[in-house]
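You will see subunit A twice below: alongside subunit B first, and alongside subunit C after that.
Up next, the complex of A and B:
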């Protein structure tokens, strides 16, 4: 635990002093703000899905590859992984802290978007369903956990951060394409097969959160897949050690 | 402190190290010597638990490096050759991070940081970002990191590579101080460093250890140099006939670093016969005294102990020769 805290602190320190961290946050907040303002200017009310729907694309395609590409690939490239793995720390602590660092950074960016909701609180005269916003933000955190753990896993496979980013981008893009095709009514007959396909995709579960629905099944889905990629990452670290 | 038995590491078909067996006792400063590619880094990486050996066993401070890797890593301070550091952190931040990882208790952390920064003379750079440090300073930060704990065993991979002569001297001086409190296992290909700091030398050549007996033999194999006034051909012939002399060869003036002498003063290298306890100097002096009437005079006679450089060159050349013959 002490190691985990120390390692996570180091992760956050590194991302908060890097131009990449600030650049990512700036782009993210700009896009988020743009989406918000475009609807806010017209109606003074911004619906949950207007804000949170785009995150289903932005996060896997852009944010996650950028936030995770350096995590292990950079350590390997500059050799600091050797320092890390010869210190008295467990592989799992290294992996968890890297994940936590990226996730916390993302959570900080999300926290900054709350300022928009404050603005809405003061300008909109009707009743706002804050509960749905809370569930939407929970969904954003959970889907981020999944894609960040996937990005971390990809980063553990490469020595070049750019290659890691590209790979997780392409993988996420393919996943989104599958999702898109599945939602075309003419493609595949509705039935068990299509449902199984749908069930495996994170976007299906994410959509439930947009609807204000917290389903234990969805929670378990995100938890399990995230844990699975973190587990794979520790296995990659172990295997690399054995090479 | 270190006990390695039959350590072997293969990368695919390439055998990096083969059947290494050696020990390092607590308090020793052992130099691990070899040309580039001899397998030094591989061995150190196994001992520091960065990667496992293909076969064989190693223990550090009584713990197995494979089975008790965490316990081993608590005992060591390791400085890899390339000195990898996080360029975006400040020196102080980095060392504080490493101290936490190495479980230095919170109460002692500040004093421990002060101690290692003081020892490595980097206290004045504590607030500087590591990425902006010079090579010499980075090396010292790496060394400071290795000293945190403090660890029982220091494993240093070429601690002076990439440093200028002045910095190298400083690191060596630091090493002299470390000797008192730590067991040190350091690899290098700079022989002067080993001679000045190490209590013992292990030579690695193409993944195999040069046996310690062999190193001792080479180190103990002394030679003599004589300077004689007299007819060169006849003097050499007479010397070669002596019982305790294996060979006597003139040293050409250009091979000598000494100031030139008159040409009739022959400079001779004498190799004694191995296994005899007779000192060839006795015979030589007697011979020269007997020939004094013919104008032979012994001007100079001294014993020369081979430098580590010569031992190293011979050890690696002999091994190389054998392998070449096989190929």
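Up next, the complex of A and C:
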């Protein structure tokens, strides 16, 4: 546990002192603000959908490759990964600390968007559905965690951060596009196939959070899939250590 | 002879690569993304016709080829080296594991699901009424079985999607019923969903049960079948869906919970409460109120007859007097009074006195003394309004439709749903009912419905016997000015309850069917009178509250400057400062 905390602190510090971290946060806030203000000015609705509906999967999709591409690929390219792996720390601690560092940084960026929420509240006299917003933010954190764990796994596969980012980005984007495709192949359109297909898409589960509903099925989905990618990342590191 | 120089494999290193190559890699990344998406979409849709719509992605195609060429060594090296091969093995194992995991999640997610509703309007939670009904299931000796029968999928993707959403909502709602019932006592409510296009043994057995019970198997697509032993109720698709006009849904978006809960109550009603309609006083023909009676039956009330000259039966949950044309005799009034004193319940519709209109009473209903004891004073005059065009005679028109709204000052439970839904009642040939000063001790009378004081500016509403008889278009000295009270409720100390409605047309099919407010009010009145106070407030359709902010264009601009430019720039400068401080 001590190793995990120390490594997580190191990861967080490395992001907070690097221009890349602040640049990423600035881009995040710019996109978030642009979509929010345009939606809010157009609809004037004090709703979760106005604030975090599109951002929930667009921003993790765009930013998780950037946040994760350097985590393992860069260490491997610079040769510091071998040092880390020979240190008295377990693989799982390395992986979890890197994931936690990226996730906490994302949470910090997300916390800054509370300013947007309060700006919206400032222009509304009635009672805001705070519970729904809280659950919406939880959904954003969980879907970001899933993308980050996937990005971390991809980062463990490559030496080039750019390749890792590219692969992570394309895979995540493909998943997003699948969500918008109406005419998916016939065998996925009916019966159990359809249900399984829809169940595997993260956005199906994310929408429940936007609606203000915390479902154990959705929590299990995000938790287990995230854990699964982290487990795979650990296995990759283990393979490298054995080599 | 010089031997050729040995070829050394190039070691991929991004940092060693020239800037141009790295730029190509970057652009190639985006090109790869675009092409990948484009190809995926076309393959998934089974058509390449939409490829042009995604042409901006394909602009990068030449750059893609070039960047792949530049990056090829990196990519190949990642998977061909000994480490890469080990990694590849992990990926293959992981892919298979992911499939198994997703399937397990699918099973777990559907079978063992719990949820928490954080919305302020509790959109995803069952209403208290439904919970009350489900709580009653735990005492059943055999379970209620609910089957949702899905029909054929439409060929139109939009229709198919709409049907899918509807199915998902119905299924989710019924699973919620099942989960809640299981939490109280497992196995008392069984829910299954079947696809009618599949030929399974279970479906065939169910079809046989439905056929045995109803002798009919048609129109079961998207229907919900409720079975309890030999008893069966079928809720068809049209009862769940909103009315659709010109492809736009109107009316309530989703009212299945009300329908389902009522159906379960109806299915379980073994000893229904008796509702007695009085006869022998020239009451309206009950056939003209078939819809109102149907609603009572659906609420598990058993319709019976209270004949003139007899005492009110002891099993009466309530007595309904539906627009008597003749006055109650002393004996009948006394019988009704005795019933009320013993905690009886009365729903009285009385009509105005208009001897010029056929079918309306020419004398009072003879229940004034009974009602006065409960603080109610019926006025059998006519409610009318000033007639606009003098060229047509300027006479009041009693047959004008009258709109009645919930009285704002009233906190009666009868009005909760009306107020929530923003509904009003519409009827015609109406009179008035006032609060009397001669109310007995412990009696709590109150007006619940009244007309607006005016309609369309200066058209005054008033109730006036003189206006009705003399056809005057001006209020007389005995006129009751608007807002005219048209319905009142009273509660006595012994548990007796009365709802008096000034005009029986409110319950007639023509008005009952066409105006939701009439239905809502009379259902609430019936439930309140029957002592089902907890059911008076009807199940509301679940829809999100609409919250609209007040924001001017200038404020939008300020938000744009602050949130889109100010905040990101501030964060960026903070980063620059931190970076500069570290360098120094």
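The rule is simple: the second predicted complex is superposed on the first by the 222 of 243 C-alpha atoms of A that agree within 3 Å, B and C clash if a C-alpha of one lies under 4 Å from a C-alpha of the other, contacts with A are read in each partner's own complex, and residues count from 1 in each chain.
Basically, contacts are C-beta pairs under 8 Å (C-beta built on N, C-alpha and C of every residue); 3 or more make two chains touch, one makes a residue touch a chain.
Model, not experiment: these values are computed from the prediction.
For the composite obtained by overlaying on subunit A, subunit B and subunit C can both be accommodated side by side without a clash.
Residue contacts after overlaying the shared chain place A:241 against subunit B, while subunit C stays out of touching range.
By the touch criterion defined above, A:89 reaches subunit B but does not reach subunit C.
By the touch criterion stated above, A:6 is placed in contact with subunit B alone, subunit C being left untouched. In the superposition on chain A, A:162 makes contact with subunit C only, while subunit B stays out of contact range.
Put simply, more of the residues of subunit A are touched by C, taking subunit B and subunit C as the two choices. In the superposed model, A:17 makes contact with both subunit B and subunit C. In the superposed pair of complexes, A:80 makes contact with subunit B only, with no contact to subunit C. Subunit B and subunit C never share a C-alpha pair closer than 7 Å once the two structures are laid over each other. Looking at subunit A, you'll find residues 17-18, 242-243 touch subunit B in one structure and subunit C in the other. Residues of subunit A that touch subunit C in their complex: 16-19, 21-23, 25-27, 29-30, 33-34, 36-37, 40-41, 44-47, 77, 112, 115-116, 119-120, 123-129, 131-132, 134-135, 156-163, 165-166, 169-170, 173-174, 177-178, 181-185, 190-191, 195-196, 199-200, 211-218, 220-221, 224-225, 228, 232, 235-236, 239-240, 242-243. Touching subunit B in their complex are the following residues of subunit A: 2-3, 5-7, 9-10, 13-14, 17-18, 78-83, 85-90, 241-243. Here subunit B touches subunit A in the complex through residues 45, 48-52, 70-71, 73-74, 76, 78, 80, 82, 84-89, 93, 97-98, 100-103, 145, going by the rule given at the top. Interface residues of subunit C facing subunit A in the complex, by the touch rule stated above, are 12-15, 22, 25-26, 28-29, 32-33, 36-37, 40-41, 44-47, 71, 74-75, 77-78, 82-83, 86-87, 89-91, 93-94, 97-98, 101-103, 105-106, 108-110, 112-121, 123-124, 153, 157, 161, 195, 544-551, 553, 555-556, 559-560, 562-564, 567-569, 571-572, 574-576, 578-579, 582.
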